[in-house]
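One structure follows; several queries about it will come next.
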């Protein structure tokens, strides 16, 4: 019997992490075949990664067949899991997402604000095609989507593609759990945060340690430290005021800084931009040096340098999820899946980031009920905005794109939204085949 | 450190089962103290049970202190768990619940129909007082309610008592899981039925065996056997037609016969009544012989004869639940708890019978989303009826009681509802202190 | 400018009433053209009615062109209003709807119970075709549907046909308003009942007379008279008990007797059946004598005998509705239209019978909010049952038909539902082309 | 029979308008008694207004008794209508609401942003007391609330006061209707805009002229004129871009500029502040010159200069509403009342600004159903923010006040929200008795 994993965007610098995760779990999750898939433009990187992965597997002595290809359809045959970690338009596109909004005085970021909108516009059509292929070629396979904006992309696929076995993952809940464990000096395995909200806009409303809620203690520590840092590498951290924590009684996630510290983040980003260029450009250099490392034929492990990239632990999250599905573990993990009533103030068919029991039949969300009153409004607004993004990504209509842009909580400016929209549509036009119309 | 369990209604014939359950699980769930509580009228039985329990514990050699008392408040001190298995008015009251409706051509049953309404009317005020005591004396204790109608009683307490750590349990989901395991020839541990609905009105909509849904196979077997029997001892079984199973694609529970085979059940019940009197009277004899057995000083085990009583496995369900709470096991059990959006067509504050992750912080329901279209209406009606029962049990208003009676799906007869209501109010008047008004 | 009305089922004995209504309102609602449409089998009656209508118009001296035809598509050209009053399978079918359920001990009635289910099954496909034609030929025309079961049929069309300008009407709210006016000795024009629920299952929850709620007074009078009769000719009347009125604090409608006095109505119906045959057969005789009257070339008015038929005032309701739409009157009328949140416990896309402001853009329901707690369950159940009927009428699947039958609040018997279903499917097979499957 | 109107805040410069409105409608709405009520600090103005009102009535020759008093409780005896137009803290407070936020770079405005939050904090407790008095002294009286923020204040009273006959009014819907009528060159009486949303955040989604929806034509005209002005005197107008109109397909109201043109409005406001001080200070001068005019014993009419104040037509709206209630007119007016399901995406108990049928029993909202997808998020956010404001106004808790401030869509800045909150709490402390706590 085979157990086959296909990695779409296999030439990504993150791949060694996922390979390491597979090797580490091989006893319980005995993958027999891995195929790395990438596009023509990524062929060189794909080979570098492929060869490194081969060396890692060889060192591990696990019986895993690994190969790579540019032919997605062939790769998908008999797949059991398909993970996605693509970047349509590559880092160049990210640089535009960051630079253009900044040039107009708005936050430029790859998963939030105007940049996030465009990352969704570019990504959704490509993953819709993938989902269609999976549905035809390997209909029983689970798609594990790491591609950002992970929540929006997952909702788009679950609503509009024929394939329904799709789960979105993000490392933020993982990082929050680990940070909280550190704060409380307990093992992360013993911590279960009750999350509420959506990807990149999720709050922690309870912190169970062995079943006892210790949120008050965590909030107290956060207030003492005036915003103890628990941000990933790719996000600036400004800390949180005591009053914000004391009033919401919730654990924010690092991305919330974009929404509740907008002016300060913008100022810091502008300064950083002047000093080092966009984050995309910083990452580009990081990537180049990573690939230099990866080429080294002596390297047979994931290099520690990879952890400096923002997505650390992403792959760990994904491997752990696949393991639980495969083994029907019924453990609790935080993933992006259909709400189904679990948060009663959000639509049943929304995708939320929530604790789920992970079964062979997929993730089953644990009910939360009503949203906390303090953040009900901002969460509902964000969800409605996400719906506008998905609608525009599917229809390709100019006015739909404008609505997504102007109703983005970081924009809300009816005139500048148009200017930024038009510049981004022009800048990304080769990656936005669905947008036939321009102007108005 | 102590781990104390208080059993309200400790003189019940079921108590040996719960004692057996505690002994069996002593390694993981190390109860140190058990107090059996009962009322004056049950003192003799309490002593018989108490002595049998002592002998059982002695044989087991577990370090458990067991005692019994009529003083509930003293017993509750430092309790960790309080289980309830009371019968207000005792079997005499049950006989009236069964006989009076039957005498007017309506189903007389202790948890459904007019009888169930009155069992709720008698029980809710008594358990409201208990919950108040628990809240004052041992506020951290969990109440595990087995008392019928378990779902309605649990909803009444969760809505109207100050104590919120209350869980209702029933053996029906347990029995269904075991019957299905038998049908599929697999281990019950490997079966997880996705239940939807409320206590005594719950359906199975999926049957997962190691994470794979095998409901179609189960339904096929049920149809082949023309209604393979999986009823507990206290319910007549008439089987289900192929067409009903093939159209609903759901697993009914035995109580659904009252609602979808009303005429036939009534006919059978009337015949049985003429032959042996009410079920209460049958049970009374059974109870008497059980207590004769229990008195035997050589008896040091739960006698097998107990399984003939309807509630078999009830206590097993309860012990397993307490074990998981105590150990924060995070396993999945089917209990009665607040909906909280899990079934999106029912109110957030309704009590539903649903699969939950069992944590130290209580049960967390796993979301289901919309009700199956085939039974949406009957489930919503039943829930609205339950709300009327709870309202009347709390207000003690005659017109509220009438509404509960006439909107009971087994009554729906505006004139006869009044006749039966008046007779039952009169028959039970000593156990219904809240009903000040009569007549109209 | 023309104002054209097409009457589908123009050969109905009710047509003279609608002609009278048009003549009476000619000043404000100046109809220029009326076309009566019927099917081949109704040609003789169509001619009789056509000629009577011509004589009525001639007497009135209004400038109205009236014609009749069997060609629906030609008739629809340039139509502004299309009224429907058809009976698929004619009175023979009704007789079967009444007789077959009665023969198994269940209520046989043309709009409720098993009979109502089959009337819906026969009618929906025919009116779906009509709505398709209207949508193509005269897309701006309003369909005013009197055809029973009016609420279910209207919901089916609004959900499944491309034409969205459809309103359902019934004479029950009109009759209730007039009866209440009589009870209070005020003018019906001054009475506004706040209705809640659906067609044939609507309750009055407030009775405004010139804006003052006098429901208590009305209920008091109903209780004094022990169920003062306000039933139309086609429904047996058994009165309502004081307790039912005092507990619900609602005005029931005559059809509620089927649901809350089931045994008594059934007994009365069975007796009536033995004495005079089904209601269909009684009506058949009535119809024959009506048509004898209609043939009289001296007759130039609607004969008073017509009021003995059950549907009296139906046409008045319809004419008044068309007048208000045409003139954008913004007055309040009770019609069947999409809920749109007006009753917050029912789906937004359900059809409800509700007070609406009548505008040129159609009826706009006045919000009610939550259902009254006393009848929330039975109304939700009825709505879910109606959804099952519509689903089965559209899919033609046997199992869907069975679900509609078994979940009908007057059936709820899993075995007898199948027997009655099979007999009715066989009896009506020529009028049920969508039901390809039989059996199981 | 008497018909008595009590005007709370009778010393307001707006009072002549309401007096004029009463005189104008005296035939249909025959007010017999008017009492102007104000507080000690407003006594001088009260006398000036009282005398002017007396002269106006004398000129009109209507039989109306007018008096004024500082004793509210005496005034309320036998009142039929109570209108409220108060300004707690007077124009000085408004100046602070405007100046303090502006000084930190945020919009300072009396009904939106941080200023609106504090106007609500000051007003709600005062009107809660009034509602309590009305409930005790004249329980059948309707309170017509013009006091801003009218929607929030009305929701606070309807949720938390014992008196439930409360309606909020605003002149924005009136102005929008008149502007649209001008655009289409039709009579305002023939225009019915379908409004959706809340006070100061309401959109028009359809424009019916004699029942025909002409929204497309109106939007086309707005786009041609690049934002034709239809703003009241107190709001800057920057026009709307074609793209915003073309994408939302909705009529915005002038206050939406604060939310979708924030940067530009802020810039303009800052400039205006530097040039003429706050709007409050401008108004103060306007008021002074108005009162100079009012003192003139020859003046016997509302002076035209009053229309320059922002609230023009407010009183007309209120008089028209009282007339319709009194006469049970059942016409359609746009008021602030309980949602009751009319907008299905907002809570049933929210107050919304919506078209209602006006009856003697109060306003009955006309159902709309789902919110338009383009603005669903921002409307839900605004409503949740309003709930936070009301909660804080009632509890007087510092952390609740902070939540209202930080979740205000114009703030969203966790650190600056605290600074502005603290300054405003200090500045207004004499008018905020409920806020016991400071700091944190």
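As written, the chains take the letters A, B, C and D, and residue 1 is the first residue of each chain.
Quick note on the criterion: a contact is a pair of C-beta atoms (placed from the backbone, for glycine too) under 8 Å apart; a residue touches a chain by one contact, two chains touch by 3 or more.
Just so you know, these numbers come straight off a predicted model, no measurement behind them.
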Copies chain D and chain A - interface residue numbers shared by over half, same or different: same
Could you put a whole-Å number on the gap between the CA centroids of chain B and chain C? 45
Using CA atom averages as chain centres, what separation in Å is found between chain A and chain C? 55
For chain D, what residues touch not just one other chain but two or more? none
Using the contact rule from the top, write out all pairs of chains that touch. A-B, A-D, B-C, C-D
Which residues of chain A touch chain B in their complex? 192, 206, 208, 210-213, 328, 330-332, 338-344, 348, 357, 359-361, 364-370
Which residues of chain C touch chain B once you look at their complex with the stated criterion? 240-244, 246-248, 259-264, 373-378, 380-385, 387-388, 391, 399-400, 402-403, 406-407, 409, 412-416, 418, 440
